[in-house]
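Below are two complexes that have subunit A in common, paired first with subunit B and then with subunit C.
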Partner chain A sequence: MSNFLNLLAAGLTSGGIYGIFGACLAVWFRVCNVLNLAVGDFAMIGAIATAKLVQDFGLPFWLSIVIAVVGAGLVAWVFDRVVLHFAFDRGVGAHGIVSVFFYTFGLSLLLEGTARAVWGTDVFGAPAIWSGPALPIADFHVQRAGVLVIGLAIISGLLLWAYLRFTVSGRAASACGESVLGSRIVGINSGLFRRRIFVGTAVLAALFGIVESPLSGFTFMSGPTISLIGVVAAGFSAFRKPGRAVLVGLAIGVAEAMLGGYVSTSYNDVLLYAVLFGIIIFRPEVLGLRAEPA
Partner chain B sequence: MTEPAATDRAIGAPAATGPADADRVPAPAGTAVQAHRVRRHDPVPLSSAVVIIILGGVVLTAMNGSYLGLTVTTGVAYAVVAVGMVLQLGYSRQLAFSQSVFMGVGAYGTGVLETKYNFGAIEALLVVIVLAAVVSLIMGAVVTRAPGLALALATLLLPLFIYQLATFSGYLGSFSGINGVLPFVTGDDYEATTVRSGLIGVLLLGLAAAFVLRVMRSGIGLQLMAMSEDEQLGEALGVSLRQRRLEVFVVGSVLAAIGGAILASTQGLVSPTILNESTQITLLLMVYVPGRKSIAGVIIGAIVIEYLATSTSFISTNLGIIEGIALLIILLVEPDGVAGAVDRLLGRRTDQWAASLRTWGAAQLKTGRLGTRGGGNGAGNA
Partner chain C sequence: MTTSTTGTAARPAAVPALEVDGLSVSYGKFVAVESVSFTVGAGECVAVIGPNGHGKSSMVTAVAGLVRRGGTVRVFGETLPTGSPGAAVKTGLVLVPERRHLYPDLTTRDNIMLGSYSHTRRVWARQAWEDVSSVLEMFPELTRLLDQNAGTLSGGQQQMVALARAMAAKPRVLLLDEPCLGLAEAVSRRVYEWLGEMTKTDMTILLVEENPVHALIVADRAVRMYKGLVEQPGVAA
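Coming up: the complex of A and B.
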């Protein structure tokens, strides 16, 4: 039983990571129908910048967190003003399916390249926000950073869900994703919502990277993998439901841990991704998409 | 018009009623652009292949097996994959990100056949082509059912678990991969071997480019363009969406496998890194920066990007920044990539094929053939 509970705790921790990035992707996709493939890179910026500010510049930990998070938000704001504003508000450049992936893919490359040039290829981890030994709960143990990850994921998912469902601002944001023209006709500034949510999810991702980095460490290359898993979690929430993305992420994490614990430590991810692949192909309605007739 | 009427058919004419009907179908108002004509005997693909083979042969021979020559041959391997991606992602806008996986099929297939079953290099290549065709046909029959984003998501997952499968499989050499892959042709010394193997790679690149150009310039190409603009439009015009999606997937995958085989034979080894997402990212850049619809663009782009990645440490260290900025500028300024910008600078029209599509669609409307499924009412019979 303790083995099961330990696996569950580990699975929920990694699932929280998948879930929060899935939620960040889903909420922004809902607003502007674009996948934020740079969300993992914002987490990387937050984690590595905090670690460097503390280690190399001797700044207080909390000040480093603020600087790193504000820095990530600033990068997102500048990118929106310089690229997304022209692409989506002024109608310049590539549109259609290319725009769904490639603007943020370009940003991801740029952030990854800049991180490599500035910080090198080492592994970095920010200091633990809640330091100390693993917490004993009944007969299993949970890392303190893991508790923060799970808690932050659930709280973020709930807040994003509530924002979209119960606030006028959230409904206006959703309307932008349904129809940019329609939302503009009724006086909604779609560009403003796109920018606010992009900056907000960048800040959230950076904060999450700081919380999570003591567990796994970050390199300049960590971003794309995180983003990819976030895309999977968001995909299983129809790309539009951040609350469900967190739940899906948690489920994926638990399934991964259980497969690793009870089936194969080497092939757990292979099995997991194969199952997810099968669901996408044979039950695409789970993603809110219909299959082509056979 | 230099070709006889029977073999030189404006796509505006419904083929089933005979090419002569082409003249009776007026172009819709506003289509002043001279439409491309679909020809049974189109000289462009073959001439392109000849140019690629001669030019590539001269360059590789001049480099005489040097490190630069090896880099160019590696670039040629990526270029073969990129040429397939022009058809798949660029021209048909099929959002499949499985090319690195099929590169792995080609590379690992070659490595396994040669090192474990004593196949010769060319024999292994032929078997790998058949294997990739069968695998992609089976996989494509399943994955191409998935619409738009679901297809993208499914194929994004593929590299994740195939990479792990390769790294944990002792049969595939685990993390170290497979060493001792043979060059296509063995020469008297290392330099001669490198040059001759490179020439085989260039030959395959020329054939791949000719094949893709032939498809793009045929009626099938117009059907693919119609699908890429709007699937409902394509279906209404009689295009069999599933059939065309599957064909494009198979062609892209087989060319990716050939590229993987060339890469393995050039480097003499297969590493699991060929399967991971960074390879896919590199391939996407090789297509989108030079121009996703330009065969010449992606060939040059693949070789240049491969060169930059292995050139001076300053460039290779900062390649991500360069690629990111280049991609963003391309997306904002010229979505058709560097090739599109060059076309614009040279004053070349880039909308002939769109004009052909409009003319063909108008003809379909006029003859009341909309909605017939199964092959585009003869548009693919060029």
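Coming up: the complex of A and C.
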């Protein structure tokens, strides 16, 4: 029983990460119909920058967090102004399916390469925000960082859900993804919403990277894996519902942990890609694909 | 070449509701609208008629700030910046576009409520809706459809939602681009009944319509666009 509960706790922890990145992908896709394949790289920036600022520059931990999170947001803002603004607001460059993934895929490669050049290939982990031994609950133990991850994932998912469902601004953000022209007609600045949510999710991703990094550590190439799993979680939410993306992420994390614990850790990736194939075959519409009539 | 029309203003006012001066629109090398000038008096309903592909929609979308233009557009004397639909809406110039451009996965209620986006100070969608729900008095048939996604409505119902969304924006100048395009005759009649009611208010209306028979039912006068130019003035019968 304790093995099951320990696996459950570990699964919920990794699932919280998947879920929050799925939520970040879903909310941004909802606004501008573009996949943010660099979302995991913002987590990598947050985690490694915080670790380096504390270890190499001796800055206070909380100041390092602020600098890392603001830095991630700044990178996102600059990328929006320099690339996305021209691509989507000015109509410069490629459009259609290319724009759905290519710009952020390019950003992911750019950030990965820069991180490797600047920080090298070592594994980094930011200091724990909530340090101390694992918390004993009944006869199993939960890492404190894991509790933070699960809690922040649930709170973030709930806040994003409430924003989209109950506020005028959230409805306006949704309208941008439904019809850019329709939103502009009523005075909604679709470019501003795209930028705000891109920067906001970059900041959120960086914060989660910092919180989670004591558990798993980050290298320059951690981002794409996180983004990919986020795509799966977001896919099951039709790339529209961040709250559901968090729940799906938690479910994927638990399934992965159980399979790893009771069958083999080798099956983790098998499960992940089976889920991806399942989406492509049975729910192609959530990936923006349409099944051809037989 | 600049062609101005003065027509017969039904209700002339000191400051025109809408002044378009030397407006031009180009898509690359293709000139869709060439140096068009006209004015619409406060409370007037002016129809822009002409065959398809001669610049009517380009002209009206440029007036609304949705495409970049040359020339000047003034609303009650206030000059609008080019390519800024938000500024146009804030002055009270509101467009009901061709093909409506609703938000298909949002409810009818949200579609209408978002019409008030540029002037609402509300944070919560429910409160913003309460502020504009009175527009349903003009479109009572939408009451039972409020919780239905706009994409699932019929063409006629969607047109009503588009009109209601525009009314939620509190327009002083309403631009209507082919409001009956693709609608059944009975639905078109309903749209024109509503437009007839609006012409009795102090709202200024610029109506783009391919069908002059439709347009002249409600318009005080008409201008004709041909090959990107406003060609001639006309007066409704």
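Rule of thumb we're sticking to: the second predicted complex is superposed on the first by the 273 of 294 C-alpha atoms of A that agree within 3 Å, B and C clash if a C-alpha of one lies under 4 Å from a C-alpha of the other, contacts with A are read in each partner's own complex, and residues count from 1 in each chain.
The rule we apply is simple: a contact is a pair of C-beta atoms (placed from the backbone, for glycine too) under 8 Å apart; a residue touches a chain by one contact, two chains touch by 3 or more.
In this text the structure is predicted, and so the values were computed from the model without any measurement.
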Residue contacts with subunit A in the superposition, subunit B compared against subunit C: B
Which of subunit B and subunit C A:Ile280 touches, first, second, both or neither: first
Which superposed partner A:Ala245 touches (first subunit B, second subunit C, both, neither): neither
Partner chain in contact with A:Ser266 - subunit B first, subunit C second, else both or neither: first
Which of subunit B and subunit C A:Thr167 touches, first, second, both or neither: second
Touching partner for A:Arg184 - first (subunit B), second (subunit C), both, neither: second
Partner chain(s) touched by A:Ala9 [first = subunit B, second = subunit C, both, neither]: neither
Subunit B versus subunit C as contact partner of A:Ala175, first or second or both or neither: second
Touched partner set for A:Val92, first subunit B, second subunit C, both or neither: first
Common interface residues of subunit A - those touching subunit B in one complex and subunit C in the other: none
Subunit A partner contacts - residues on subunit B that touch it in the complex: 93, 95, 142-150, 152-154, 156-158, 160-161, 164-165, 168, 241-242, 277-278, 281, 284-285, 288, 317-325, 327-328, 331-333, 335
Interfacial residue positions of subunit A with respect to subunit C in the complex: 166-172, 174-175, 178-179, 181-189, 240
Residue ranges of subunit C in contact with subunit A within the complex: 64, 66, 85-86, 89-90, 94-95, 97, 100-106, 110, 113-118, 120, 122-126, 128, 165, 169
Complex contacts: residues of subunit A adjacent to subunit B: 83, 86-87, 92-103, 105-114, 116-117, 221, 224-225, 228, 231-232, 235, 239, 266-267, 269-270, 272-274, 276-277, 280-281, 284, 287, 289-292, 294
